[in-house]
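Scrolling down, you'll hit the structures one after another.
In the two complexes that follow, subunit A is the common piece, with subunit B as its partner first and subunit C second.
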Partner chain A sequence: MSPLGTQVGQLARRSIVRTFRQPANVAFSFLFPLLLLAVNVGGLDAAAEIPGFPADSFLDFALAFTFMQGALFATTNVGTDLARDIQTGFLNRLALTPLRGSALLAGQLAGIVALALLQSLLYLTVGLVAGARFEAGPAGIVVLLLLAVLIAIAFGAIGAFLALRTGSGEAVQGLFPLLFVLLFLSSMNLPRNLIEIDWFRIVATINPVSYLIEGLRSLIVSGWDAQALALGFGLGFALAAAALAAASLALRGRLART
Partner chain B sequence: MREKHGIEAEGLVRDFKKGPRAVDGIDLRVEPGEIYGFLGPNGAGKSTTVHMLTTLLPPTAGRARVAGYDIVAEGPKVRAAIGAALQEAALDPLLTGREHLRLQTAMHGIKRDERRGRSEALLERVGLREAADRKVSGYSGGMKRRLDLALALVHEPRILFLDEPTTGLDPQSRSALWLEVGRLAKEEGVTVFLTTQYLEEADVLADRVGIIDHGRIVAEGTPAALKAQIGRPSVEAVPADPADREAVLRTLARFGEPQPGSPKGVAVRLRGGEGSLADIVRALDAEDLAVEHLQLHAPSLDDVFLAKTGRSLEGAGEEDEVEAEAEPEPVPA
Partner chain C sequence: MSRFRSVALAVAWRNLHNAFTNPAILLPSVAFPLFFFTAFAGGLSRIGDVPGFDFPAGYTAFQFVFVFLQSAAFGGVFTGFAIARDFESGFARRLLLAAPRRTGIVAGYALAAIGRWLFTALVVTVVALVAGMEVGGSGVDLAGLVLLGLLVNLAAILWAGGVAMRARTVQAGPLMQMPVFLVLFLAPVYVPLDLLEGWIHAVATINPATFFLEAGRGFIVGEPAEVLAAFALVVALVAVFALWALRGLRSAETAG
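On to the complex of A and B.
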């Protein structure tokens, strides 16, 4: 393996090992989205009876939300890990090696990719076992995993940017409630055309999270919806590109080594 | 083989956005294979100097070469030649000792088939073989420092920077680390740049010492030569009755020049040798002056610090601590 590949691989390994050695983190990011799914499905199942509702069951409709929520946990996981490395001086230790800045970011994000994949497989398995129907078939599952990973990378890079910019784990954790608000002000619980409250529908329409969720959801409830997928992947790529560029710049500022 | 190049710095300066100039024109030269002790209180500029010499912080002005490479223009070459254990062992509490070594050897690009052997040898060397698979969160302070040292050595550096390596360690762990550092320099020819606020550490370990205060080197030389500059022993007396302070000082002043002492005491640097002590006791007795405490002490590095800065090293540390804790953000170079 090339030196860069080795560096990325080792940092990704560290990222995964660290996560699994913090049981609270694992329980939160793996189980909390499923708990919320169970609560939502239990309370909002009747919504599937609304005329024009796009899915046969609320479970099919709401399953996509778990992937999105998993990605939000990626933000705090990457961010708090990096912030801790800055605070403890571990980043300086890495800076004294021939490590490239790009390898540091790629390593952290590769760890998140692996975790996002594991989380997604768990959510998918639980969903299918609970009776969800997957309209896009096996190929759709692959595409859903790709989109879930892309979203995790985008949000992970936002967490990395914030950690590198502020050097503070508290600042990263402070972002989490804001992202959660974005999630709730999206089309996570109802299709946008069925939201009756005007301001909510407008906010959900301009909220990029709606399109990420709708891209994921389209594979489960409608099969192959080119527009929803194009919007989901397009926004996912745009967010990931912008966040990665910002994180790279912040890393350059943080690693002031000559 | 001993290297040709050590460390050279000329007029090294580092400013921060707020606060005083952290490093204010440092000139120094560390010979290959030498242990150089950089002694000073908290906030004196020791760590900032180390950060500049290890390329982690660009200097505001001045220049320096480490292992023959310019710290600004040839940062990657400097980093390849040095090892560093910076203040507060920077370890990941969730990883084991062995995992740290695996990560560090990989980051340094050491070939896969060499990584394991080198890691095992270093674990053995720092006495952590049995604890290698335990998470670092369960290590003692001494174990963390030893792992930190092992990590700094994975790529066999020619120059080693140790930033306050024994701060917070018990005497036994401190001695063990001194032995290892001494061995690295004497047997393997590694140049060691060591910052410390412990006089004893600098005295025992360093071939030469630079004393830094408020960002400037105020004295430099071998510990013996520095102490010889101070030259004569001093005597300090604490009067039993504080009202006798002036009278005690007048009596002591017959035997030497007054110098700063402890808050309750008075001190003089003796004109004669240690033999004057008996005369001092007799003189105090003749004046009917009772003392609570009378101490003769030979010159120490603290005396050198006192003579050069007018403050004791320990007191200076406390005084400057707030300043050190509030170290501001660096100005981009």
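On to the complex of A and C.
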């Protein structure tokens, strides 16, 4: 194996093991989105009766949101773990080795990819058992998993960037409410064309989270919607690329200072 | 009695001073209700068009009552976090040594929670009125809503305080927060009880928060409903959680 591959492999293994050695974090990121799904589906099922609502049941409509929430937890998990590495001096010790920055980032994100995949499979299973129907069929499920993992990588990279910039787990945790606001000010609960309040609809329209959710949701409620998928994947890649680039720059600065 | 009062007032003043001079402490307890109000009343206003939804004051007022009572409950929980922080920093142990009447400590934190929530409630109400909320209730009805909020706030701080004094660490935050979150969200949050179906209807029917919401929504439109049941339940919760908090205080005393 190439040196880069070895480095990524070692750090990925550490990241995965460390992620799953925190049962409280893992359980929270698995269960909380499902809990909110249950509450929202129970409380908002009547919304499916609004003329123009795109799904027969609110479960079909809301299921996509669980994947976004899982990605949100990726931000804090990656960020907090990386910040802890900075605070404990682990990053300083790594800086003394020939480790490449790209290997460090890839390794850190590997844990979150594993977590995102498992989360997504759980959400899918629960959704299917609860009666959700995938209009895009089995192939759509595969595409949905790919998009969910891409979104988790993008958000995880944002978490890594924040950790590298601030070096503080508390600062990363402090950003959680802001990201949560981004989720709620999107089209998560109603399609944008059914949002009645003008300013809210405008905010939801310029909020990239809306398009990520709509990309995921399209596979469940409308089948193969090329525009929704292009926007979802396009924004997912753009966010991931921008966040990874920012994290790489921050890492360079962090390693240079040590 | 004066020793109890002096301890309670000192603890309350310190906690309020900390909260109002440190935005990082005060901001979340104000920002979260505002954010929920914005997301629910703004993003979900079409829910008011669902067949069978007939709340006379409109969806903004419908959601305001939920956010108002939610801010009361979470105001209590946030003060519980402050108690846990005081134990982690060692301040609470020094307080236990210095206070001539330790029950005054619990009362002081409860007073602080009420003070913090009154500020949050004022902000949320002003924002709701600016957003065009319709109010049909009279002054007496609105006083009833505020009193209900105060009692919910008191019940929540006594619950969270009891947890904080037993665990004595901020890591117990989810334990304080999660049950409150669940009780609140397993009530008719988005639509009236009649429009809920299945398991959530069954749970909401026996959930005390449902009675609080129905009473609060009755107050805001001026058609009081479930008032007796709501106040009886919240007073019972205050009594039970007062015992819980006092036993928590004993636990903290025993632990030294």
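General remarks:
By definition in this document, the second predicted complex is superposed on the first by the 256 of 258 C-alpha atoms of A that agree within 3 Å, B and C clash if a C-alpha of one lies under 4 Å from a C-alpha of the other, contacts with A are read in each partner's own complex, and residues count from 1 in each chain.
In the analysis below, a contact is a pair of C-beta atoms (placed from the backbone, for glycine too) under 8 Å apart; a residue touches a chain by one contact, two chains touch by 3 or more.
Small disclaimer: the values here were computed from a predicted structure and weren't measured.
By the document's definition of touching, of the two partners only subunit B reaches A:Arg14; subunit C does not. When the two structures are aligned on the shared chain, A:Pro3 is found in touch with subunit B, with no touch to subunit C. Look at A:Asn189: by the touch rule set out above, it reaches subunit C but stays clear of subunit B. Contacts of A:Arg252 after superposition on the shared chain: neither subunit B nor subunit C is touched. Of the two partner chains, subunit B is the only one that A:Gly89 touches; subunit C does not reach it. Once the two complexes are overlaid on the shared chain, A:Thr97 sits against subunit B while remaining clear of subunit C. Shared-chain residue A:Gln22: touches subunit B; no touch with subunit C. In the superposition on chain A, contact is made by A:Phe200 with subunit C only, not with subunit B.
Across the superposed pair, subunit B and subunit C touch subunit A at no common residue.
Residue ranges on subunit C touching subunit A, taken from their complex, read 28, 31-32, 35-36, 38-39, 42-47, 49-53, 174, 182, 185-186, 188-191, 195-201.
Here subunit B touches subunit A in the complex through residues 54-58, 71-73, 75-76, 78-80, 82, 84, 86-88, 90-92, 94-95, 99, 102-104, 106-109, 112, 135, 151, 330, 332-333, going by the rule given at the top. Here subunit A touches subunit C in the complex through residues 28, 35-36, 38-40, 42-47, 49-50, 177, 181, 184-185, 189-190, 194-197, 199-200, 204, going by the rule given at the top.
Residues 1, 3, 6-7, 9-11, 14, 17-18, 21-22, 85, 88-90, 92-99, 253, 256-258 of subunit A are the ones touching subunit B in the complex.
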